[in-house]
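Quick notes on the structure that follows.
By written order: A, B, C, D, E and F. Residues from 1 in each chain.
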Amino acid sequence: MAINWFKYASPATFYFLAGRMIPFFTVVAVLLLLVGLYISFFVAPTDFQQSEAYRIIFIHVPAAWMSMFLYLIMAFWAGIGLAFNTRLSSMVASAIAPTGAMFTFLALWTGAWWGKPMWGAWWVWDARLTSELILLFLYIGFMSLQAAIDDPRRADKAGAIIALVGVVNIPIIYFSVQWWNTLHQGASVSLVQSPKMATAMLTGMLIMALAAWMYSIAMILIRTRSIILERESRTAWVSELKEGVTRS
Amino acid sequence: MILWIIKRDLLLAMRRRADVLTTLFFFIIVVSLFPLGVGPEMNTLRIMAPGIVWVAALLASMLALGRMFSGDYTDGTLEQMLLSPVSLSALVMGKAIAHWLITGVPLVLIAPVLGIQYDLPAESLMVLTLSLLMGTPVLSLIGAIGAALTLGLRGGGVLVSLLVLPLYVPVLIFGAGAVEASAAGLGFEAHFSLLGAFLLVSVVCSPWATAASLRISMG
Amino acid sequence: MKWESLSAFISMGGYGLYVWGSYGVALLCVVGEIFLVKKRFRTLHKELGLNEKSSI
Amino acid sequence: MLTANNLGFSRGNHKLFENLSFSINEGELLLVSGSNGSGKTSLLRLLCGISTPDEGEILWNGAEIRDLGEDYYRVMTYLGHLGGIKDDLTAIENLRISCALAGNEIDEGQAKEALGRIGLVGREMLPAKVLSQGQRRRVALARLLVTHTKVWILDEPLTALDVTAVDMIRQLLEHNLSKGGLVVMTTHQEMEISAVTSQHLVLS
Amino acid sequence: MILWIIKRDLLLAMRRRADVLTTLFFFIIVVSLFPLGVGPEMNTLRIMAPGIVWVAALLASMLALGRMFSGDYTDGTLEQMLLSPVSLSALVMGKAIAHWLITGVPLVLIAPVLGIQYDLPAESLMVLTLSLLMGTPVLSLIGAIGAALTLGLRGGGVLVSLLVLPLYVPVLIFGAGAVEASAAGLGFEAHFSLLGAFLLVSVVCSPWATAASLRISMG
Amino acid sequence: MLTANNLGFSRGNHKLFENLSFSINEGELLLVSGSNGSGKTSLLRLLCGISTPDEGEILWNGAEIRDLGEDYYRVMTYLGHLGGIKDDLTAIENLRISCALAGNEIDEGQAKEALGRIGLVGREMLPAKVLSQGQRRRVALARLLVTHTKVWILDEPLTALDVTAVDMIRQLLEHNLSKGGLVVMTTHQEMEISAVTSQHLVLS
């Protein structure tokens, strides 16, 4: 059966759909977070080299992953919006940016607070760190550009171009690890010696990453709803909402 | 009246909040670019840090100079300022203060964080911040003269740098010098008293010189 | 139980500052984002005169 | 009384006018006309003191306007083709700020009222950049509704205005003249003004 | 047609010869400021040289971006370009080439002289010049996108730096990296092939993206 | 034939027009009028393809102008309130470049002759920034003298012009119409044009 995707691409339909999905993602995010935190602090063993400092990994790595994924997803939706002139995808892209920037900041922050005890410096100009910093600038550039443009359609399209152009930068900065000698850790498994500990740690990390996913989705959905309302405040369906009519 | 001007310029800046943030980010980005060009060795970077932060502050403040009068010039507000019953020097002082509040203060506030990137010790961070606090108003005040002189000239944006950079040099030398002196364990009071002297002189002379330049540019 | 005492938990083997500094700021960011996102949604609802329950 | 004595002015190697003399009394209108490029704008900029004449002098109540400086600016309003309108500020903010600059602080209510009278009801809170040409021009002209100055120097105030607005400006000028004000203006459009005396200066 | 555009932009630049010179002087001044901020030790300076020259080139080229379209925007020429029977991408390419000729080429020519100030060996000087020759067109092409996107926005001048600087970073890293590699006696071919790749990609993509941005900004 | 079908356009939350339909044939003039801010400029920018309508379509000889793209631009000339005049170039350079941009290269002699006809004798070699308002406007309008396009879209072409120049523009429009051209224009000034057919569209 053919699904009518355009139905879901209409902001009005999405508004209600998102409204029903948010509680689900919120609940799942909270549950995963609780499990993840429990594993991080009570199951995962003390590290052989780093003692307890390594526990930062449970937010650092999920945040770093999210920061990159969210950028790609944002660029994807922005590109779709530009190519097919679908309003909803552009709105989703704008909704992703702040969350992505927040995770990028967190990756930087937790990395810095991990680096101080491990490397003896808050910051080194290492490839991975630098690439993450540039990612933050890409997010901020995207948001500032959109904020500087009053007309939402123009803001969408302009943002899409800069987001797409910025994507080119992601592999470049990411693979530059190979061109620069780096202080930053490679695979996380090398952190601990025995496979059993690695498992506990890995599970913790993955669960925290999943929690971050769920959290991001919930945030993005709520933000998208706000953007939809802001842009469609004068349409018929919003006026219907005002009169308290519910739709399914 | 001077308050009206400051209020207006801040209002204009707030109307586009991005505006204030972008000067700041320009500063951050420039400071962060150098290690990319120079390479990641911490010892070299630590030596360069005060110089780089100061040069970046100087460039950031200078870039924003373009906007100081040019908007008012092209839309005719400047004509009206010349014809205002209030003294032009006071108006100009207001504009310089607003420029400093918008471009200087955020730099001062963020500088310690950037210093950490270069692994500067705590005392140096403090001296760096203080030196910027005293130096950036001088940059705005001197810059106002340059901006006024190059008004309406094509390529004014680049010409203005040519005019003001030489005047910025002493501020740069003593500003960055103070930090280096403190890092080397020497006294930095002498540097600070010189920065203070620059500030005084520019507060006294710059509004007058800027007002004269404006009259010449509009004549 | 993994931790002998609460203070051992807090000191994190001497790395308490760094661990809690990371987790604290992470918490702050998340809570801050939730707050901002919700505030934006609520103020919009107020401005548009919508009833929040009916719209979900 | 605004007097010009033997004014001479040239731009580049082009002599715009020479030995130009006139004087305008209270309640009088001076209409400056002439073909494009005949020097009308240049003359107006001399009269308000932005440029300096090559020869001759401009006197306000007997004193050279350059010497009077701020005392002259207190009684004079100049509106050039550039309105001094900031794209990013709303109409209200623009009006309040341009008035404040001219030494005449007005509050939000007054500004709103003036904008309403000039036909911008409902547009007061839009940033000026989204306004049409004529609406921007009206924001600039709204200053004339609230100013207390006597001498008005207006360079083509009617461009981009529709007929209603032209009519409104005409009434405004008549009102100022009847209160004993002086108006110097240029325009390429026809406009009938019933002033006590109206002089016509044709540049060529 | 593309030649008309280039000719016109060069004509405009020549009409104010100061314009070309000022970009150049900006570059020279920035490069010369660093020793003032950092201190006169030759060894440190030699290490920093490639990075500093590259960062200065990047800033100089970026500063001139503001002028790329804004003049044409405010006086309505850009409107006419959109309505031209010639493809907009070609026009844009012409403008980017003109921008490079005005801002990039002079930097490339003066760079060896500045390198001497920092006591760079002859081979490094050559590599520096070549890397600038390949890198500066990329800066102009990428910059065009940023300039087009920020057209008519207040604070555009600073916003454009925020947008293009992250994109400039790879060029900077490999441009300065080539010089450092040659100074360290390592091969610099890899760096050059990457710079070449950047140039190709930007020649192909940038006019298209810029034209799209212009249509968006004017729409 | 230029046709607009059910055009709808809004700016911000302000609906400028809706369901606007008209069509203009060869030799016809469409005069768009309306008070300040009624949407005339916006309509003209739609007709020449700078902006896109929210609803409806604009057809040139039956094809959507967006799809025609450069084919449409080859037969169309738009003059907005901004003339596209560069301050630093001389009148001749300005004219030659704007013609070249429009795909119609002319040599120095032709440019000089056109400028002479529009009343800028002796001013051809001055940089545009020293020209008066009206003279700048004439430089922009000089393009109409040498263009080979059929569709002219003119936004307030008469502002800042003196009476002689207004008359010249009138003749120019009549000439284009008599050759089978189409003209869409706005103006707040009165102007009598003897066209085969002239439509009047009033926006409000």
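Following the convention adopted for this analysis, a contact is a pair of C-beta atoms (placed from the backbone, for glycine too) under 8 Å apart; a residue touches a chain by one contact, two chains touch by 3 or more.
Just so it is clear, the structure is predicted and the values come from calculations on it, not from any experiment.
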Excluding chain D, joined-chain groups are one piece
The chain whose C-alpha centroid lies farthest from that of chain B is chain F
Chain C to chain F, mean C-alpha position gap in Å, rounds to 59
Per the C-alpha centroid definition, the whole-Å distance linking chain A and chain E comes out as 33
Per the C-alpha means, the centres of chain D and chain E lie apart by a whole-Å value of 45
Listed in rising order, chain D residues that touch 2 or more other chains are 81, 87-88, 127, 130
In chain E, the residues touching two or more other chains are 12, 15-16, 71, 74, 153-155, 159, 162, 165-166, 169, 173, 219
Residues of chain C that touch two or more other chains sit at none
Per the touch rule above, chain B residues touching chain E in the complex are 12, 15-16, 18-19, 22-23, 25-26, 29-30, 33-34, 36-39, 44, 47-48, 50-52, 54-55, 58-59, 63-64, 66-67, 74, 153-155, 157-159, 161-162, 165-166, 169, 172-173, 176, 180
Seen from chain E, its contact residues with chain F in the complex are 1, 4, 8, 11-12, 15-16, 71, 74-77, 79-87, 218-219
Note: in the complex, chain A contacts chain C through residues 15, 19-20, 22, 41-43, 46, 51-53, 55-56, 59-60, 63, 98-99, 102, 105-106, 109-110, 113-114, 116-117, 215, 219, 222-223, 225-226, 229-230, 233, 238, 241-242, 244-246
So, in the complex, the side of chain A touching chain B is made of residues 121-126, 130, 133, 137, 140, 144, 147-148, 180
In the complex, chain D touches chain B at residues 48-52, 70-71, 73-74, 76, 78, 80-89, 93, 97-98, 100-103, 105, 127
